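The same chain A turns up in both complexes below, where it pairs with chain B and then with chain C.
Here is the complex of A and B:
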């Protein structure tokens, strides 16, 4: 099934929640909505599901306009961040619930629920109530219910956010398997760029109610269309600054200078923006096209084998993410090396400048 | 010092229980013994008072009348409050907050204010001296209370539960009756208890709106003297029996009662 959003927009009491959005999701595709909280991921999903009506635009399933259709008639499923199950039903009845509403016969229900429970390792818990399950099992139960009815559209709204990291990894590994032999459209919302990269598929970056870019996940990471998309798809946040090009050199607020890169060679002199991922700003020079930047250290976070250093560069705060333990005193002046060969350059309109 | 910590709670409990003990004590005495002098326990233990209440229709119909209008009132209040509380908890509409607060102000008005208009109104439409009249008049303060309690419990259920049910294909009523009501069963129990209790103890409206046919037990009880003189033992027995239904009902909601006093907002 193909899901098409045509100029979908949502305004509530005069404030825009979703700007007019066009999006085409292909059958059998795994699509990720990536954005911070309040970026509009949940609202967009509710519009897709039909739980909320768009103020403008239309929604098409396989070319058929379903904008005004009730959610009950749409054959969609949804899993939320909170573990939502029917508390008064057993796990079996929870999973069977969509099939019961659809009036399937008892034998088929038994068989399909059994298969789903097997897949999500819930077989021993079928007679229990959701409140007697662990958090991970509760979310598995919610997922089993979402998958049991072979819906055309499966919406997963940060399903792993409330789980501890071990369960999250476990369930994340299983996810692609669950959808392997289905031709439904899967939409998965997450705030974590790492999760998007691990899941693959296609990604739509969202920012303040806008889908800023949509395409294969890896490609979006490597080639963000504009500064906002690059910011959304970076953890820790991407380092940005305004640079001034004058002839053969570019200058970063008087802090650092380097030779004008090829992409800017044919551009007029003036102000541009630079984006540099934290792991390209390191405490040690790797040689090559590195540029030395100096700044005041704000915070150093050591997490096992990685160091994150926050420091000021001109008026901006930058982050360096490096392997190994690199400790700096807070307030001291640190010297770091930026590998500008990996930098993104953005024009005055925010768009990426490519060759 | 530490060994005497039991003194204060014990004194407190004795102080609280004393009137109830005295009531039960009196109910097993004869009226003559009650009037005759001071005794801590019944010297001539008798069950006559209770036997009279369960056999004399003027007494036991009082209980039946009270139970009838309290039952009707509880059922009516909760049935009406359920959809209202759902609307307040799930939807935003113009003036919802004001309406919600206004409901509670009904709870604060003394019943005496409404006694006269109700009397006049029910007499005019021929409802005077019926169970329905008392039940309806008590909904005045019980519906707001039930709405507030149920709204509190309903708002504790995430609205994602509603959405999940719709996504799974449940219709609104299918969801409301089969999933939502069982989910907030404790809240409904608490709301029922409070409706029961406030209707059971309310005397003024119940007395004003009834004469013979629907006369509540509280009205029978407050009649201290009868043709046969003072019947204090009988009154004490009736009082003891009046406490029983409340104690019986509270047992079922004992774990949720604190949440009920906080109108479901804990």
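Here is the complex of A and C:
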């Protein structure tokens, strides 16, 4: 099934929650909505599900306008961040509930619930109640309920956010496999860029109610369309600064200078923006096209084998993420090495400048 | 390991101990003391064993007032619990009317028992009371001071008016604590409003409802003031519930022994029934 959003918008009491958005999700695709809290991911999902009416625009399933159709009639399912199950039903009855509503016969229910439980490793727990399960099992049960009825559209709203690290990893591995042989549209909301990269599929970056970019996940990461999309898809946040091009050199606030890169060669002199991912700013030079940047250290975070150094560059705060332990005294002046060959250059309008 | 022995700690327990002793243990033991003795005045007492307990437990008068008590309690529970849940379900979950509803609901709970009794007494008088006069004007032969049925009707109506709010407020608290996602999930599943109530709202309200039922059970089992102000247990003995009967025996006839025995039996009945209620309602609850 193809899901098409045409100029969908949502306004509540005069404040815009979703700006007019066009989006086409293909059958069998795994789509990720990536954005911070309040970026509009949940609102957009509720519009897709039909739990909420758009103030403008229309929604099409396979070319058919379903904007006004009730959610019950749409054949969608949704998994939430909280573990939503019927508290007084057993796991079996929970998974079976959508089939019971659809009045399937007992034999079919047994078979499909059994298959779903097998897939999500819930077979030994079928007779228990949700409150007797661990968090991960509760969420598996909620997922089984969402998947058992072969919906056209499956919405997953940060389903792993309330799970601990280990379980999250486990379920994240299984997720794309669960949908591998289905032709439903899957939409998955997350706040974590890493999660989006691990899940693959396609990603739509969201910022303040706008879809800023949509395309294959890896491609979006490698070629952000503009500064905002780059910011959304970077953790720790991407380092940005204003640079000034004058002839053969560019200057970063008087802190660093380097030769004008090829992409800017044919552009007029003036101000541009640079975006540099934290792992391209390192405490030690790796040689090559690195540029020395001096800054005042704000804080150093050591997490096992990685160091995160926050420091100021001109008026901006930058982050360096490097392997190994690199300790700096707070307030000291540090010399860091920026690998500008990996930098993104953005024009005055915020758009990426490519060759 | 050396254990430090410090007897001073007892000093910290002393205030609580004294408080509990004077307001619970000593009065209770006095009652126990009365219940096993016979007195002819002069402050002289004779040991009578379980005589008073036997007398109370086999007396028809006690059976009758216990019967009336159970009928009253179960009637008001049967009305107040479903009605309270129904009202809670119709109350808005958000918006400017929430505080208005809550205050309106809390109002009856703020009125003292004897005021409620006096209010309803006047309200229900057939000659000058709004309720009594209207009912008679509509052709009903209504007189709560003369007809037992009318007295019961008034007593139950009064209790429902006074206490349904408690069930409403507790159920409402249970309802608003259910995350929106549950309703959305049910909607997606295509569940109707009855299934939502039966499989989401009711299970999620279970804990607060248990408390509501227990509170209403205990309170109504001990009802005294309203019934006493309304008709003093009349007409005849028709609304003489346990506590009114107890006061009649203890302070009217000054039969201290039987009254003490009855108090203890009364107390044990409430304790036992509360336990039964709690166990039944929490039977399927997982720890």
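Keep this in mind: the second predicted complex is superposed on the first by the 355 of 355 C-alpha atoms of A that agree within 3 Å, B and C clash if a C-alpha of one lies under 4 Å from a C-alpha of the other, contacts with A are read in each partner's own complex, and residues count from 1 in each chain.
Just so we're on the same page, a contact is a pair of C-beta atoms (placed from the backbone, for glycine too) under 8 Å apart; a residue touches a chain by one contact, two chains touch by 3 or more.
Just so it is clear, the model here is predicted, and its values are computed rather than measured.
Asker: Based on the superposed arrangement around chain A, label chain B with chain C as either clash or fit.
Answerer: On the superposed model, which is not a single observed complex, chain B and chain C clash.
Asker: Now for A:131: first (chain B), second (chain C), both, or neither, which partner does it touch?
Answerer: The answer is second: A:131 touches chain C but not chain B.
Asker: Touching A:82 in the superposition: chain B (first), chain C (second), both, neither?
Answerer: Both partners, chain B and chain C.
Asker: Touch check for A:98: first (chain B), second (chain C), both, or neither?
Answerer: Both chain B and chain C are touched by A:98.
Asker: Output the chain A positions appearing in both contact lists, the one against chain B and the one against chain C.
Answerer: Correct list for chain A: 46, 49, 51, 71-72, 76-78, 80, 82, 84, 86-89, 97-98, 101-102, 145.
Asker: Any idea which chain A residues touch chain B in the complex?
Answerer: Interface residues on the chain A side: 46, 49, 51, 70-72, 76-78, 80, 82, 84, 86-89, 97-98, 101-102, 142, 145, 149.
Asker: Can you tell me which positions in chain B touch chain A when the two form their complex?
Answerer: Counting only chain B, the residues touching chain A are 158, 160-161, 163-171, 174, 179, 182-183, 185.
Asker: Which residues of chain A touch chain C in the complex?
Answerer: 46, 49, 51, 71-72, 76-78, 80-82, 84, 86-89, 97-98, 101-102, 129, 131-132, 145
Asker: Quick one: which bits of chain C touch chain A in the complex? Just the residue numbers, please.
Answerer: Its residues touching chain A are 179, 181-182, 184-185, 187-191, 199-200, 203-204, 284, 286.
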